[in-house]
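Read through the structures below before going on.
The two complexes that follow have chain A in common; it is paired with chain B in the first and with chain C in the second.
Up next is the complex of A and B:
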């Protein structure tokens, strides 16, 4: 098992000018990023959509790598999305999955069949040309440069410790520094019409 | 007036509207009667077709495409639109994505007796979500598609075009 913050710290040196969709790792990524204008910390507009958003961004900007930190709860809602991604084969898309085996933001209830799902196998079966799985941070650190040097789409499943939230939603401290619409506007400002 | 004579929407007219509005990507899932449009879109070099396996997926994909500077359109059926409620809310409305959704109006009978609950709830769904929409039955209505694009851009909201003829005679 890994800590999400360690995963993001390990990735950070290789970010370059990639677009980053930090998904549920956003609360760790936002304080550590050094290029906020190329980040898309969306929070949770509607569960299950992070993969689609990152994928759409990758299709729109083929000249940039797009790094998505998805979660298993999200992708379970949209397994069919993997088929669409595999069909389009965006060479610039790197699909990391933070698998904490639970719905952490609702108190830590397990996702269905939490401990027995092989997400890398699902990705491979959906047609991703490459799918990997890691449980230890050192293994990930060793392989990360190679993963990001290869063409996408690449799927990387990561077992992470849950960071369970039990307090009422209204009393949680927001980690976002921009609204979602500001994030969209900033991205549009960065690129303009494609 | 002969309803049949006026209610013909050609796929060419729909494609022309897409070209006119500089659509770059069609995020779509086939509906009952759109195969002729599919064949035309496939042959259109300015369009990329992104097929989805569930309609809600189209919303976050379109949001990502728009964020990267593209002009996507969503092409789905009313049944799938209703299935996609939370994705429309979260990934389109709350993010202020000015995208046009072309929605096949399955079950629409014009002035007839409706026998399909897909049609029964379509406009009620749109009204519940406070989504603006335009009805397109035939080629004469096709310019409403451009009106939808203009409204989406002006209001920064998704706008729906209900395709109520389904291209080659669903109601005839």
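Up next is the complex of A and C:
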């Protein structure tokens, strides 16, 4: 098991000019990023939407790496998305999974079959050319440079400790430093209007 | 002398071309088949086959953020699969444009199509999507063009419903 913050710290030196969709790791990524204009921290949107969003961004900007930190609850809710991604095989798409085995923002209830799902095997079966799985941070650190040097799409399943939030939503400490509109405007400024 | 039949899928394609659409998401439907085939033939269009229509909302939102314009082609039954996904463009004021071929209305022969077909328009409107409906082939190009402009110029979610009378009831043989 890894800490999400350690995963993101390990990734940070290799980020380059990649576009980063931090997903539910956003609360850790936002304070540590050194290029927030290339980040798309969308908060907690409708479950299942992260993969499609990151994938759409990757298809639109094939010259830039897109790094998505997805979560297992999202993946389970939109499992077909992996097949859709695998068919298109975006070479610039790096699909990381932060698997905490639970719905951390609703009280920590386990996702279905939480302990037994092999997400890397699902990705491989869906058609991803390469799918890896890690439980130890040192192993991930060793392999990260190679993962990001190779063409995508690559799926990387990571077992992370749950960070369960039980307090009322209004009592939670907000981690966003920009509004959703500012996030959109910053990225649109990078690429220009559609 | 009969009037020449208007090729409305071609009229939609011409709009997509004229307005620089490059990302075409779809869950296949017979009503959209000719348009999808035409898009697949283009080297500069990315045609993305989806496993469920909701995927298209995320894909097209990401695409727009990356500077590319796209459309979601689906059947009315697929509208029901998209609804929660519309939270993304709604909450972020990103545009979303979809063209829906209608079932469950004019001369429908499949009762499974009627509940979602008849609810598609109201459900989209309940989510805040601006809905246009087209009944006549000669109006397709104009309405699709205007609806797409509305979506991308004002950052709204907009749907064009192509009526079953327009596309023709599916014949079960």
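Just so it is clear, the second predicted complex is superposed on the first by the 192 of 194 C-alpha atoms of A that agree within 3 Å, B and C clash if a C-alpha of one lies under 4 Å from a C-alpha of the other, contacts with A are read in each partner's own complex, and residues count from 1 in each chain.
Throughout what follows, a contact is a pair of C-beta atoms (placed from the backbone, for glycine too) under 8 Å apart; a residue touches a chain by one contact, two chains touch by 3 or more.
Predicted model only: the values in this text are computed from it and were never measured.
Colleague: With chain A superposed, do chain B and chain C clash or fit?
Modeller: Here the two partners, once superposed via chain A, clash with each other.
Colleague: Once the shared chain is lined up, is A:45 touching chain B (first), chain C (second), both, or neither of them?
Modeller: Both partners, chain B and chain C.
Colleague: Going by the contact rule set out at the top, does A:61 touch chain B (first), chain C (second), both, or neither?
Modeller: both
Colleague: Same chain A residues contacting chain B and chain C, which ones?
Modeller: Residues 40, 45-46, 48-61, 78, 80-81, 83-84, 87-88, 180-181, 184, 187-188, 191-194 of chain A touch both chain B and chain C.
Colleague: Can you list the chain A residues touching chain C in their complex?
Modeller: Those in contact with chain C are residues 40, 42, 45-46, 48-61, 78, 80-81, 83-84, 87-88, 180-181, 184, 187-188, 191-194.
Colleague: For the complex, give me every residue of chain C touching chain A.
Modeller: 20, 23, 46, 48-52, 54-70, 84-85, 87-88, 91-95, 152
Colleague: Per the contact definition, I'd like the list of chain A residues that touch chain B in the complex.
Modeller: So the residues of chain A in touch with chain B come to 40, 44-61, 78, 80-81, 83-84, 87-88, 180-181, 183-184, 187-188, 191-194.
Colleague: Can you tell me which positions in chain B touch chain A when the two form their complex?
Modeller: Going through chain B, the ones touching chain A are 24-25, 48, 50-54, 56-72, 86-87, 89-91, 94-97.
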